[in-house]
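Per-chain residue numbering starts at 1, and chain names A, B and C are given in the order in which the chains are listed.
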Amino acid sequence: MAPTETHQFPPPKVLTYHHHQSSSSSPPPTLITQGAEGRLYKTTHLTRDRPCALKYRPPKPYRHPVLDARLTKARLASEAKVLERCRREGVSVPAVYAVDPAAGWMMMEWIEGVPVRVRINAWLGERCGEEDGEEGEEMDETPLVDLMKRVGEAVGALHRTGVVHGDLTTSNMMLRPPPPPPGQVNGREEEDNKAKVLEGEVVLIDFGLATQSMSDEDRAVDLYVLERAFASTHPRAERLFASVLASYRDAFKKASSVLVKLEDVRMRGRKRSMLG
Amino acid sequence: MALEKLELKHVPPTYHVYGALFRDVANTDFLHKQLLSRNSEFEYAFIDASSVISRLHVLSAVYSAINVLLDGTLRTPNVHSEIVVSLNTNNNIADAYRRWGITPGKTKDLIVIKVIPPPQSPAQEQDETATTQQQQQQEAIWDHLRQHVQGIPAPLTDAELAQATDWPKVRKYYRLNGVPALDRLADERERRREMESLVVMGMALRGL
Amino acid sequence: MNAITKKKRRIALGCEGSANKLGIGVILHEGDLSSPSSTCTSRVLSNVRHTFVSPPGTGFLPKDTARHHRAFFVRVAKQALADAGVSAADIDCVCYTRGPGMGAPLTSVAVAARTLALLWGRDLVGVNHCVGHIEMGRAITGAEHPVVLYVSGGNTQVIAYAEQRYRIFGETLDIAVGNCLDRFARALAISNDPAPGYNIEQLAKQGGRVLLDLPYAVKGMDCSFSGILTRAEELAAQMKAGGKGPDGEPFTGADLCFSLQETVFAMLVEITERAMAHVGSSQVLIVGGVGCNERLQDMMGAMAADRGGSVYATDERFCIDNGIMIAHAGLLAYETGFRTLMEESTCTQRFRTDEVFVKWRR
């Protein structure tokens, strides 16, 4: 997702109620991203010590109002239902705190960490820098392959619950850092952070285009979308995508027929260039 | 005074919300009658604490009801009945009253919530006098409750609420039996936390 | 260093015929290639097009289209040279569309381009049709680093440049949006002259009393149009049988055109916006025949403005398939040393945008 834009948007009405003189005032809502889905704010749910993400789908000025209202309502409702289903099945996704489909917003659990995309690129960038010095030396890709495996497992677990994400990219996966071990505060972080850049739990987010489906075709398209997003976002790590598929196969019993279907979907992708 | 002023995020500051907990309430019959007769002096949300697991649980319902009030889409007579209905995971109103409302002779511990929307004529409340007015308001509510609710006042905390919770009932109401996300958690505290998440989520998705 | 990089003025002739338009154009690049600091300018010297139009209710078939291109090639080429005021001796290279496109028409134009190259003793440059659209769009609009929506009768792609390639972020999972519109035009027997999409656009301006419910099919940055076409065709049949719209009143062909445009363009804008969010760009460039549609341009503009950016689009001279874009993209490649040898000067129906190594960009 893009970094926060500089120009201001009117916030949704729900974020305009402030307790001015209140002693318990918390930081005002901050705009985190303007994704295509809508805007994501960081704010609080009920109490100031409970951070939450507020997803707001503003009316789209370009869209016919009838179509816009229909899509906004249906998508928020569907997103909330899918999240509940995943959460109950034990897939790592944000919990839903409150929804107002007509007003176009939903409050969700705030997931700590950064997008997988950022971590992969940070890691690749660092390795490249090192490569310049030691020419020809094989770099150790184990941490990256390990992350790919966790990505595959997360997608496998998702598909097992009968949900397809619809917009799988490395931007829509958070890497949630493991909770700090009790007692340890700020010790020799510099060294650790470098090694731990790819550590953490993969949490799937942004279910705005998700649907409930058990079909091989839909699951394969889900993987295909991820594969292409991966290739375009991380061209240098494209070949490691095989690890994602391998762990997907291990994590999900019905994976083999999905992977066969994925071949078909890829073929169709190539055939689509038939006409100019 | 055991009547707490509850400050909820994303609620207009002109709305005042108060909450209290009474244990071992002896006159549930009387209180229930006041609700049935729509006695305007008893505009409270009376919630059976045995169907509730935490403070967050209650606050979620209160927030949801106020949001419905702000949207102008109340499905029940007022914001207080809407709070009780908001505790449900479906739109069955009678069911919600039965499960989370006051049941004569059965309800033992009672959560009381009072929401005071801004006065109809906007000029009435000015910042200068607001604080003292609020204090008077809070005292008046507390006096009224103490006079009419025969129970032991207790703070509205997780610890107090946990003592009242009837877990089998809550698990049934919120479909928490046989849920993979819970069954695989070994740690009881983690499981409680996840149950709270699922309860809040179930309420948030009511009617979707 | 080859000779071309030393020339201050470079001229290419481009030949396009991957679908029903035969286009030949001449482009001039001016500027010093050997000095990295100097900027080169492009100037269109001529841009001639002749379109094969099939009767209403029909599409253009490869065989007939190829025959058209063969019949008109010499006429169009002579016109292009005359308009440009250049002779064969001024041309540095002959560019042609290698693909993607329809086999027979592509082949006809490739044969003609080879003939010119041999006749004039000039190098040949095979060009990817999609890359032609993108480069021409960038040159005309000045969009530096846009997300590109490429929409035509045969392609629907959302593209962004990264590391020497035009990478495809999203595309149609079945038929192209232009194909959906063209086939819908046939269902209503809308004229193919000058283009079915143009006539749908004009008709849609009279509709809009109701928005008819059509499926909305977006998956990630991809989308699908075949389900919408099926439903639109069903609605067209219902309309002819006197069916009523959601408000209980009969609806018209104009209402159908309006609803179809509103739905499919909303999908296109949505996937484009998603790609922009993904790569962090606020510029969008629309290319391809459907890109002429002013409603699409307006919707895209509203989206881009909402994101603090802007939309870049060209008019029908450059949006619709043309020879000048092939000349321009071909010359860009030629200036980096790219050549297509005579024995390798084939064409191909399948040629993905991301197969081209884009050496001329940083």
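By definition in this document, a contact is a pair of C-beta atoms (placed from the backbone, for glycine too) under 8 Å apart; a residue touches a chain by one contact, two chains touch by 3 or more.
Keep in mind the model is a prediction, meaning the values are calculated, not measured.
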Neighbouring chains shared between subunit A and subunit C, ordered by label: none
Most centrally placed chain, judged by C-alpha centres: A
Distance between the centres, which are taken as Cα means, of subunit C and subunit A, whole angstrom: 33
Interchain centroid distance [CA atoms averaged], subunit B/subunit C, Å: 61
Rounded Å distance between subunit A and subunit B, as computed from the means of their C-alpha atoms: 35
Residue numbers on subunit B that touch subunit A, as the complex places them: 7-13, 56, 59-60, 63-64, 67, 71, 73, 127, 179-181, 184, 197-198, 200-202, 204-205, 208
Residues of subunit A that touch subunit B when the two form their complex: 14-15, 17-22, 24, 26, 43-48, 50, 77, 80-81, 83-84, 87-90, 95-103, 107, 109
In the complex, subunit C residues that touch subunit A: 18-19, 97, 99-102, 106, 129-130, 152-155, 160, 162-163, 167-169, 171-173, 176, 179, 211, 216, 218-222, 262-263, 266, 269-270, 273-280, 282, 298-303, 305-308, 321, 349-353
Touch list for subunit A against partner subunit C, complex: 1-3, 5-7, 33-37, 60-64, 66-67, 71, 166-169, 171, 209, 221, 225, 228-229, 231-233, 235, 268-276
